[in-house]
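To start, I am sharing the structure in question, which I have written as structure tokens.
By letter and in written order, the chains are A, B, C and D; residue numbering begins at 1 in each of them.
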Amino acid sequence: MTASISVLLFARYAELLGAERLELAASAPLTVGAVIERLRSLPGGAQLPAAPLCAVNLRQARLADIVAPGDEVALLPPLAGG
Amino acid sequence: MYLTHDPIDVGSLAHAVHSPARGGLVIFAGQVRDHHEGRAVRRLEYSAYPAMAEAECRAIVDEAATRWPVAVALRHRLGVLEVGELAVAVAVAGAHRGEAFQACRWIIDEVKRRVPIWKRESYADGSEAWVDPTAPGGTMPAAAPESST
Amino acid sequence: MYLTHDPIDVGSLAHAVHSPARGGLVIFAGQVRDHHEGRAVRRLEYSAYPAMAEAECRAIVDEAATRWPVAVALRHRLGVLEVGELAVAVAVAGAHRGEAFQACRWIIDEVKRRVPIWKRESYADGSEAWVDPTAPGGTMPAAAPESST
Amino acid sequence: MTASISVLLFARYAELLGAERLELAASAPLTVGAVIERLRSLPGGAQLPAAPLCAVNLRQARLADIVAPGDEVALLPPLAGG
């Protein structure tokens, strides 16, 4: 079984990368910031902000937080509910 | 379930919090406006990170109930909405109106602040955009409109 | 007409202020509670100085419309009400929720402060009293209950 | 035609005096306070407060305000609407 981190993309960010879900191969823990850097190197990813709102396993997270294979990282565009 | 794809029925939310002990009922209902930042809105589409949005709504409702002695009902619509349809509704009942007003206002502010929901607007001229309160002009470009055929 | 002897229909008040340009609707509905100052309330009767009460309600609504860019609907019930029935309702719609919340709260506070309406409560033990916020205990004695037969 | 001032009584005050409307004979202007003193001298009137909330011709009034024959004075118990 390949070790990976699930990345969820929503709204405009999903449009930028043309995907709502990606699996990033990851054999060891890394920071949320490192996950974002990898996404920014993908086609369409350059327009992602360097420090977007993020969640890890449904809770808001910071760029310095550590994620491990099996975690779910979500990139959240600026919220517009209500 | 705080999120729904069906039309919101404010009466049923009011009924859910109603009790003879709670004399004050405050309702906030937010509906789709016909304009945004000077542009004529035709309809819009709400999307969400459903699992996190449900969790955040539940956390907001639970926190309100610890801060004020009130009963709370909350519903946010997802999917395509026409102008005038309800996007969100909050019903708060308490023995005293001050608490009900405070809790209702706090809840809708928190929903807007921390529930992962996004809004794509369709304008009268056929263009579309993502609502982004942090962007100059209040929107960011969207990919080609779904309505382009 | 701001005073009515008929049941208050909140939906019709909401409809009266609704418009596609006003995205935020705040409603306050006050209903007859089952208790007051520790006593079990069975029903109550509202009476008014009708001409002055209508004039004060109109003045409140007009003043709200000058203070905030909102549309307002207001109704206060008179006559005998059972526990759970609506005594008063205020619906305020505006483009921005903050204004709608402020105006709605201000209006209900002003109604309580300056509209000449009085409330006679009937308790579960068969006694009655006039509600008087200035009196110790919150009530003043009433004449023999109408229900004494 | 008899010159008089109409007095309206409501709620508990109407119960105290056993009337919702009284006509006070008055050939000349007098103060609202003087009207109240006359009411307080009527049977049941002693329980009226010396300085109740009052209105003259639908507007809140003070004890020192002057009323003339034809005016309508209302004595308002503490308000309890809403």
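Note that contacts are C-beta pairs under 8 Å (C-beta built on N, C-alpha and C of every residue); 3 or more make two chains touch, one makes a residue touch a chain.
Everything numeric in this text was worked out from a predicted model, so none of it was measured.
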- Computed distance of Cα centres, subunit D from subunit B, in Å: 51
- Query: How many Å are there between the centre of subunit B and the centre of subunit C, using C-alpha atoms for each centre?
  - Reply: 27
- Task: Between subunit A and subunit D, tell me the centre distance in angstrom, where each centre is the average of that chain's C-alpha atoms.
- Result: 75
- Which whole number of Å gives the spacing of the CA centres of subunit C and subunit D? 25
- Message: Please output the residue numbers of subunit C that touch at least 2 other chains, ranges allowed.
- Response: 30, 108
- Message: Graph shape for the chains shown, where an edge means the two chains touch. Line, ring, star, complete, or other?
- Response: line
- Item | In contact (per the touch rule at the top): chain pairs | A-B, B-C, C-D
- Query: Across the complex, what residues on subunit C touch subunit D?
  - Reply: 30, 46-49, 51-53, 55, 76, 87-88, 108, 111-120, 130-135, 140, 142-143
- Query: Along subunit D, where are the residues that touch subunit C in the complex?
  - Reply: 8, 10-12, 15, 55, 58-60, 74, 76-82
- Message: Can you tell me which positions in subunit B touch subunit C when the two form their complex?
- Response: 10-11, 14, 18, 20-35, 83-84, 95, 97, 100-101, 104-105, 108
